[in-house]
Structure formats: C-alpha cells, structure tokens
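Handing you this structure, nothing more for now.
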Amino acid sequence: MGKYNMHVLVCGGTGCHASESETLLQNLKTEVLEHGLENEVQVIVTGCFGFCEKGPIVKIMPDNTFYTEVTPDDARVIVEEHLIKGRKVNRLLYTHPETKETVADSKHMDFYKKQLRIALRNCGFIDPENIEEYIARDGYEALARSLNELTPEQVIEIIKKSGLRGRGGGGFPTGLKWEITRKSVSDIKYVVCNADEGDPGAFMDRSILEGDPHSVIEAMAICGYCIGSSIGLVYIRAEYPLAIERLKTAIAQARDYGLLGEDIFGSGFNFDIELRYGAGAFVCGEETALIHSMEGLRGEPTVKPPFPSVSGYFGQPTNVNNVETLANVPPIINQGPEWFSTIGNEKSKGTKVFALAGKINNVGLIEVPMGTTLREVIYEIGEGIKDGKKFKAVQTGGPSGGCLTEKHLDTPIDYENLIASGSMMGSGGMIVMDEDDCMVSVAKFYLEFTVEESCGKCTPCRVGNKRLHEILDKITQGNGTREDLDRLRNLSHVIKDTALCGLGQTSPNPVLSTLDNFWDEFVEHVVDKKCRSGQCKALLQYVIVPENCVGCTACARNCPVNAISGERKEIHLIDQSICIKCGVCMEKCKFNAVLVK
Amino acid sequence: MSHVKSLADLRKLKEDLQGKMSLREKSNHPESMVQVKVAMATCGIASGAKQVMEFFINEFDKRNIQAVVTQTGCMGYCYAEPTIEVTVPGQEPIVFGYVDTKKADEIIEKYIKNGELVEGIIPVKYQSIEINKENK
Amino acid sequence: METIKLKIDGKDVTTTKGTTILKAAKEFGIQIPTLCYLHLEDLNIENKPAGCRVCVVEVEGRRNLAPACATECTDGMVINTHNIRVLNARKTVLELILSDHPTDCLVCAKNGICELQTMAQEMGIRELHYQGEQSHYREDTSPAIIRDVDKCIMCRRCEMMCNEVQTVGALSAVNRGFMSVVAPAFEMNLDHSVCTYCGQCVAVCPTGALTEVDHTNNVIRALADPTKTVIVQTAPAVRAALGEEFGLPAGTLVTGKLTAALRRLGFNYVFDTDFAADLTIMEEGTELLNRLNRHLKGEKVALPILTSCCPAWVNFFEHQFPDMRDIPSTARSPQQMFGAIAKTYFADKIQVKRENLVVVSVMPCLAKKYECQREEFATDGNPDVDFSISTRELAHLIKQSNIDFMSLPDEDFDNPLGESTGAGVIFGTTGGVIEAAVRTAYEVQTGKKLENVDFKELRGMEYIREATIDFDGLPIRIGIAHGLGNARELLQDIKDGKSHFHAIEIMACPGGCIGGGGQPLHHGDSSIIKARQKAIYEEDRNKAIRKSHENPYIIELYEKFLGKPMSDKAHHLLHTHYFDKSKEITVE
C-alpha cells in the first residue's frame, strides 16, 4: 500500500459547509502539518455524508470513526488524541438519542438506516450480466426454497404477512393479488411484469432492470408458481434499450442454468419469460391499458372489474406487478415476512425507492423505509435545496401527484398519508421546487404532460384536461379572472370524479394541490397580474423609477408601441395597457431608471 | 455450465462462487487484485461510464496493475455520474463520483498505487439488507 | 340466478346479479342518460366503452362516480342518479363534449336527429363554461360515406360496428388525447381503405360525424331537366321503414303512399326493385340448380353458391377473400339488374335514348351508392343506375317538395317494371333471398308445385342459421348469415373445407336490408328492426303471387327479350365478375 496509513475525511456538503467545515478542514491540515504527520495522514474533503443535522462530520479511516458536530477548534484534539495517541475523542462521537450511548462506527448508526436498500440491494453491487454474482448473493434461493419446501399457498401467505403492497402507485396488497389470481380458475394464466415506467423523472424500475435483472426474473417465477402460471411477460418500454439488453442476457443465463424452462429445481414446475415492448405511452402503465397494448390493441384502459386477476391478457387470469414490487419478493422469502414487516409503518411496510429530482443538491435514486418524512428525504438524504434557496414545494407521485409544501415536510411518507395530503405515492418520482418556481406554471407543466399522454378514450380526460391546461395557460398569460379559479376547481373535481382510469382521475392533482397550497399565488396572477417568481413573462411589468429618471426620452423614442409618455426633462411613465414587454426601454435607459418587476 | 437441479445444487454453487468472490474482495495479500466497479446503467453510460471503464481496463494493462474491472448497475448517485467503486485489497470500498478519464488517471496513480485519497469521494449513506444470512 | 337488493334514488330495487346499474334503473323507470352506450338487444350488439361518462352515478362508499352502463349492481348498493354531485358532473362532462364540437347544428345533416343535440336540449345546456380550442381534421368524402370528423365525440360505436360486428376493420381510434379520433389506419381516406360502405357506422353515429353522401340534389336536377325521362326503383326494405320518418310506428307498411309520393316528386315511371328481385331469382336460382346438378353428376363445381345481391358483401369478399371470388353467384344485384333492363329493354319500349333515361334508386343502403358507380355497370360511361338515394334522403326529398305524406292516397307501381311477387319483397330481410330462391328452385328442380311457400325455418334474427330443405328427396342444405362478421365465419369454413352447405345467403347488415345503413336511424332500438321484418313478411303474405317465376312480367321479359335464364343476353346484362381488391388499399 501507499504512503498514507490514515485518512481524515471532512464532509464538504452544503450543510457542513455552512457550519464552518472549510475552516475545520484548514485547521486539520495545519494541525497535521504542525505535528509532522503530513506523510502519514491525508486530510481530504468528501461528498456529503448525509447527516447534515449533526454536521460538520469528520470520518477517520481506516478505523471508521465517525465524529459529529466538529467545530474548527476540535481539529487540534482530533489530531493529538486520535491520530497521535490513537484514542477516540468521546465527546465528538455520535450519541444515540435514546440509549445515550456513543457510537463510534458509522455502520451502526441509526442514521444509516434512513436509507435501506432492499429493492436496490444488488444495484451498484453486482455485475448485472453475470448470473453467478447474483447467485453468490442469495440469488434464486427464494425460488428454490419456494419450489422445494413451500406450497404456493404458503408462499402467498408469506407475501401477505409481509405487508408488501404494489410499488407502481396503486398500493394494492401484493399477496392478496396473487391469491385472487391463484383462485381464478383457468388452464392458462400469465405473470406480467409492468416495466412501462412512464413518470417523467422516475427511473427506479429501469435501474433495477439494468442493475439487478435476475431479482425480477426470480420473483416472476415465484409468482408463476404461486398463481399457477408458466408464462411470464415483461412489458417494457422500447426506450429502455439497455434494460432490455440486460434482461435478455439475464433470461438467457437463467435458462442456461435451468432456472427458467422446464422442471425448475426438479420440482416439475415450468416457467419461462418473454418480452413485450411498449411504445412509450404513459397510460400503458395502467394495467388494463398495458394488457390491451400487449394484445396488439390500442393502449387504452377499460373499466374494472373485471380485474386482470380474473380476466386479463387474452381473457386469462393475469397477475400484473411492477418491477420494484417484484424486486422485493426474493428477500421477503429469504428473510421472512416478520423481518419485512418490521420495516416501515403500520399500513405501509418495507421501503420505497424515490427518484429525487429538481432543485435539490443530491439528485438521485434513494431507497427509504416507509414512514420516512419528506424532510429527512429532502434535507438529509437529498442534502437540501440547491444554491441555498428556499424550499417551496415537493411534487410526489409523478405528473398526477400533488405539490406538497413546508407544512407537509414532517408527514411520514406512505400510501395513505400522501393521499391524505392531496398527493400520492405514484411510482416514486419526487421533484423539489424552490422559491424561483411559479406554482401556476408548475401546475401547467404537469397538465401539459397529461394532456399529451391522455389516450383520449373518456371525455373528462380527453377534453377536460385540455381545458384545464388552457385555463392555466390563460392565467400565466395574464388573462385569468377570478371565475377562472372557480372553473379550475370545479373542473378538477369533475375530472377526478368521472375519469375512467387512474391517469384521468389523478391528473387534476397538481392543479388542486397548488390551488389549495398556493392560493395566494393564483390570486396574485389573476387579480394583481403578478407572478412573484417572475416566471410568467407576460406578467412582468416594466416601470420607470422616478428617482432615477432624468427625462432623456431615450425609452420613449425607442418604444415600438409608443407606450411611454413624458416630456423632456420630466419623469416618464409606461402605460401598462400598451406595453408589450419587449424590454427595449430597459436596454436603452442609461440611468437604471427602468425596472422590471 | 450445468443445470442447477436442486436447492442443494444451488447452495453448493453459491458457496463456490462466494469463495471466488471473497478471494477477490477480502484478501489481505498485497499482491492480490484491485477491484473497480463501474456503474453502467443508462445514466452512467450517458455521462461517459463506458469510456471510463475502457480507460481502466487499458490503463491497468499498460501500467501492469493486477486489477479486475467489472460493470454494475446504478448506485443512485445520479448527480455525480459516472460513479465507480474502488476496492483496494485490505481497504474499505470507496465510491468516487464525477469520474472522467482524467480523474480515473488520478485514482490509479494516487489512490490505487499510493493509497492517497483523491477528491470526489461519495460516502456510502445507506444500508443494504444483509445477504447470505443463515436461512431459516 | 342470484337476486340482489339495492337502492336507486331511494327506491328499493331487486335485480339479478350481474345486471348493470343502467339496466336495473331502467327496469324501475329511472332513465339514466347515455351517449356512447348502444345496445341492440335483439341483435346482441353492445357498445359500452364507458368513455363518454355522461351516465355517471353516485354509488355510496365509492370514491368517484361510476359509469352506470358498465358498473354491475352489487347487493346493498345505494345509488343516486341525480343528486347535485352527479348533475354537476354530468352537465360538466356534456359541456366538455360540446366545447369540442362544432355548433353548426342548423346546417348539419343530423339536425334534429342528433343524439348529442337532443341531450344538450334535455339537459338544459344554455352556456358552455369551458370553451377552448376545437380539434380539426380534414373531411373525407368517399363514394357513399362522408366523414366529418370534427363532429366525432369518440363514442366508438362506429368502431365497434366496423370491427366487432362487421370485422371489416376500416375504422379505429387513432392519435392520442385531445387529437384522438376514429379514422381509417394512417388516417387515409375511406375509399382507400377496406371499407365496404355497409354504412353500419353511419347507422349508429350519434352525431353528424358520419353521414351518407347526399344525392338528392342530383335527383332534383334530373327531374327538372325536360330532356330526361326519369324513372325510379324502390327497394323492398324502404316501404317497411319510410313511415318512421313521418312519425308512423316502426313496421308500418307505406308501399302505396311511397308510390304516390314518388309520382308526385315527378318521376315519369315509378317502378319496384322487387321486380328485379324476381329477375335475380330467375338467374341466381338457375345458376344454383346448374351448379347443384353438375355437382350431383360428379363434376367439380364451386359449391356452396353464395348470394351476391348485397354490394357491401361483394366489397367484403373482394377485399378480404379475393381468392374465393368464384364462389358467389355471378348474378348482379336487383338494383343493377333493374338498371340494365331499364336502359335496354324498357328504353327501347318507350323509345327513349339511353343517355336521356335517368334511373334513380331508393335504397335502404349506402353501399348501393358505390355499387352504381362501379365501372362495370356502365355502358360508354353511362351508368345503368344513375343515382342511388337512401330511405332517409327520400324522406328529405318528400318533405322539401311540400308533399303531405300522411294524406297521400295509396297508389300502385307502374308497369312493366313495377310488378312483383312476395318472393321479391322478402329480399329486404335476412333469410328472404334464399327463401325466394327456394320457392322457385324447388318447382324448377322437382317439377312439382310447392303447396306451402312459407319456409319458417329460414326466417329469424339469429346471426347464423342453417336449414335443410327437402327437394322431393334431395336434401338441400342452406346456410344464412347476416352481419359481415358472421359471413366471415361461414366463408372461413368454406376456405377450410369444412362447409357442408349447397347455398348460403349473406347480407352485410344486421337484420338484412331492413337494418341497412340508409334506413331511418334506430338510435339503438332493435325492436324497430324486428318490426320492419314483420312488415316485410306481412307484405309477402298479402301478395297474390309469391313465386318469382310466376311473375307475368318476368315471363314476358324472357319471352320477348332475354330468351331464357343464363342465356347469352342474360349473361351480358344480368351477370358480373368480381375483382381482387386486397391490394387496393393505399396509404398516402
């Protein structure tokens, strides 16, 4: 090994930076130098440790000591005590809030349970194109045990007891779904994996398929065993070429190993998987639309019941599960339902993967136990808002979720709570907005998506969403009225009440939640004709600052629509009813007398 | 390879494989291999993970370093792609973000050869479920 | 069947499990409005995509409103069909539909018979609270059908008819969201698609999105031209339905008034397509016996023989089964036989030059518009039948011409092309053509007189029927199908060598011509079609002569002009050949 035998890692995240980690770093470096340790100890800045509330954080390697709330003055004691004498500085160690014991090793800190990887357990760990690495990590053990040691009923019971619910957004109990499909009598049944991840910004399913395809294959085979099916179909968007490639490789490998095909594990159970490609319609994530699309029909939802569990693909009982749901199945069987049900909260068990996006520092994929608060996700795991801006809202549940605000930050994330707050779990998109975002524009943006993705089958979604979008557009153009706000609300409620499928029923969520949580901003747009974040260009006002105006007439001479009046050497005035907001006056003014607000 | 025909077969295979993997991962022998995993999901590839992976393979060869470079899925640090995990024998695995070929060169020269850490470390902030737990 | 109890609008309701809310409510006198829903009960045709959302009702305990058409009742359900939540939702949904619909109702072909218009009126819509962009598509005109897609409300009835009932597959939803619309694949024109012009899409369209090409002005112009002699033929099914346009109950026969009205419109001669139907029997029946007897002698001939009087059916097999086009009879349809005889035999008789004789047909059918435009049915560019108008168009023509239909006397057809038998009349219903053929073929084949001409075993509304008729010891196996999807089944059997029939009758429209695409709109009430069928058989019963070969004018026509059935002259004038149209589908 190289020359250093110790490393001091100083957190360089935004949170720690704010609490003087920069000075701490300098102090540590000075101390190391002063004590002549520069050839043995390396002091280095790292990315965020994610424990910002206890920052600044210092980690000593190789012994993995984790110091919290380290001040610049602590540099000396760390160097002298820990680095030289090899004694840990107890007062800087993390104290467990309940047991009051100090914890030296970060791996045993509760904090690191904030992110618990079950579905993503192998992502970023194994080579997805090598089945052996999967097998080395308990792969296919759950399938082998199910086939050899358990009856289908017992496996279903395990899944039911675990409390696993659908991760695609609906939250339907997975075990119950399997049981219903099992009870549907038919010679042919199908296991369908819904990999038509359509939420903009959500990509956990893609990541699982790309990083751990065998977990999905194994779970589908287990499901097939439980419901009495020998055919699995993965409905995957054609826009996921890498996931398709990895999945194909994985399926081929599983066949080679006899883990797919006939008489798996000598149990007499046959199962194989085929791929079906989706053309990227958002609505095809809805299970009935997905099935129609697989049948070669137009991707449109139909009324449920009948549920696919009873009558699905070509009229046969079909069990549709989302990728993330399936990825949870093997660990549940391996580690038992009791283990799984201790994670999460009362009604929502296990973990959920979220795709963090928007104005947040750590954009990325995270997996947290159900019941984690939005605050923990945004501020601790996501490391807060970019550029130190103020948090404004977080949109969960994809395009048809709702925008939650400051007051919801301490709400535990689970299916029921999110719905109660006016949003939903969806597939796990989480888009953070800051003070620069205009909430009317945000609502408009989401509606644009649902208008684009509506299949057109039912009136409320086909025409209603279009009208919602038009009203929102009108408001952002500065032409909205108070009546428009009433119209928005009524129409949103009617669409929720009457649309055929989940897409339509939830598409007004961004409108309703922004109306509820940002009413003042809507009123400002329609009454004061103002957009506080300055995003609605049509609502900008160019005004003359009387103190600065010298009456040079440059603005008036250059205004293309003669909106500016005023005599030479007198203060000028812009007629807002004529102004087209071209900005020429501001450009031409040499005295900073034109202001945009 | 042969078909895995029973649970016993599977467990035997698993043991063999774990042996192989731990040899790769946990050996304290200084001559033993360095392991580099490159996150090669769509997000990583889009930000240049493929070039980084090729760079590692070629450079290890040129610089005569005993190392194994493998691909893996998404580590979740989308803001810092491409990301890699480097395991130097006897050391904790370390994840580096924003790895381009220049950074890769630095990682080889400083960290792998000299044990000197370079900037861009992403502390692992999550727990994974325990694998290979004794099954009930 | 399991009986369940529920409450609808406070009323205790008992129904069987599996019944929809819509149906259960209807049984108890609660009419929930519907738009996309269509149920032709006797024909087993149902369209319930639950797409329009007009029929939504509140089910207590349910998060959102339920579409009554597609939601099954469950025990203990409590349903409100018109509380304020439901009414607001229903009106808003209707307003949304109207907000994307042209408001040119006064000049729309469906003015007064549009289901959307009626609903807006019944729901008291006075203002549209949600206005905005309207979707626009180009209009598509074909030889028979006009698609004015701006008026499409995505009820999908036409799509269901075209795909599920007819299995033609010309129409389906294309595009997404606000731009979604029902159209031929790749949004090509209808005349470049597999469309058969059966007109069933038009028959079920609730709005003006699908209408017939209106030829009434061509007729008015011809009638006004002093150099032209204009004659008219009227199909059997017209007399059983036209009365509906004047407020008469379905199934009222208006043959006499129809004749009188046509005469008052100024037609020089008022003739009957039934005459040509008798002629068809002479040719088709002879062809049947011909093939049958050769078959009995052990020759290899194409059997079963298929009827060929339905032009949509002809289009169907030309597109879908072109390799089997030697199986249908070569006999032209009655409309075209009439035209051919009118412009030769009759023109000579009244000494009018072909180009000065205009033949108009009144048909229950839209495919007839296309048929008379087919090149093979013209001589030197002059078509045998100049214009074909539908029953609906005739009603408009009568109304425009200030004729008080109801006070017209009953009048008779002119001779010689106006005399017909009961056999010609029943051409208007499913089973009728083959029954007419049997009446003649039996006597010709056996040489015996048929005592009972009513072949009840060939009648009915079941989609595929079969019967064996005893030709004095020779069992003749007959198949019948109406609706092109059912025709496809029989055709596929023939293709697969599984068919055991000697003769098959096919009509494209459910019910036969009485349910044709040019008939007064049934708005989803299949009892109307049944009533028309009853009327057709009533007309047959009242006829003095009920066998085609006994029609004296037919006998005279053969004696003086054609010679005998299947003669060279008959072949030239009364028979045709078919084309392979499978490659005629073009994508622009």
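As written, the chains take the letters A, B and C, and residue 1 is the first residue of each chain.
Criterion: a residue touches a chain if its C-beta (ideal position, glycine included) is under 8 Å from a C-beta of that chain, and two chains touch if they have at least 3 such contacts.
None of the values given here were measured: they were computed from a predicted structure.
Trainee: Which chain's C-alpha centroid is most distant from that of subunit A?
Mentor: Most distant chain from subunit A: C.
Trainee: Based on mean C-alpha positions, which chain is nearest the centroid of every protein C-alpha shown?
Mentor: Given all protein C-alpha atoms shown, the central chain works out to be A.
Trainee: Cα centroid separation between subunit A and subunit C, in whole Å?
Mentor: That gives a centre separation of 56 Å.
Trainee: Quick one: subunit B and subunit C, Cα centre-to-centre, how many Å?
Mentor: 72
Trainee: Could you please state the distance in Å, as a whole number, between where the Cα atoms of subunit A are centred and where those of subunit B are centred?
Mentor: So the centre of subunit A lies 26 Å away from the centre of subunit B.
Trainee: Using the touch definition from the top, list the residues of subunit B that touch subunit A in their complex.
Mentor: Touching subunit A: residues 1, 3-7, 10-11, 13-14, 17-18, 20-21, 30, 37, 39-43, 45, 70-80, 83, 85, 88, 90-92, 97, 110-111, 113-123, 125-133, 135-136 of subunit B.
Trainee: Considering the complex alone, what residue numbers of subunit A touch subunit C?
Mentor: 281, 298, 300, 302-303, 305, 451-467, 470, 487, 490-491, 494, 496-500, 505
Trainee: In the complex, go through subunit A and note every residue touching subunit B.
Mentor: 1-5, 7, 9, 11, 42, 44-50, 59, 61-62, 64, 107, 112-118, 120-130, 132-133, 135-141, 144-145, 148-149, 203, 206-208, 210-212, 240, 242-243, 256-259, 265-266, 331, 334-336, 361-367, 381
Trainee: State the interface residues of subunit C toward subunit A in the complex, per the touch definition above.
Mentor: 49-54, 56, 64-65, 67, 70-72, 85, 88-89, 92-93, 96-97, 99-100, 129-133, 153-154, 172-173, 175-181
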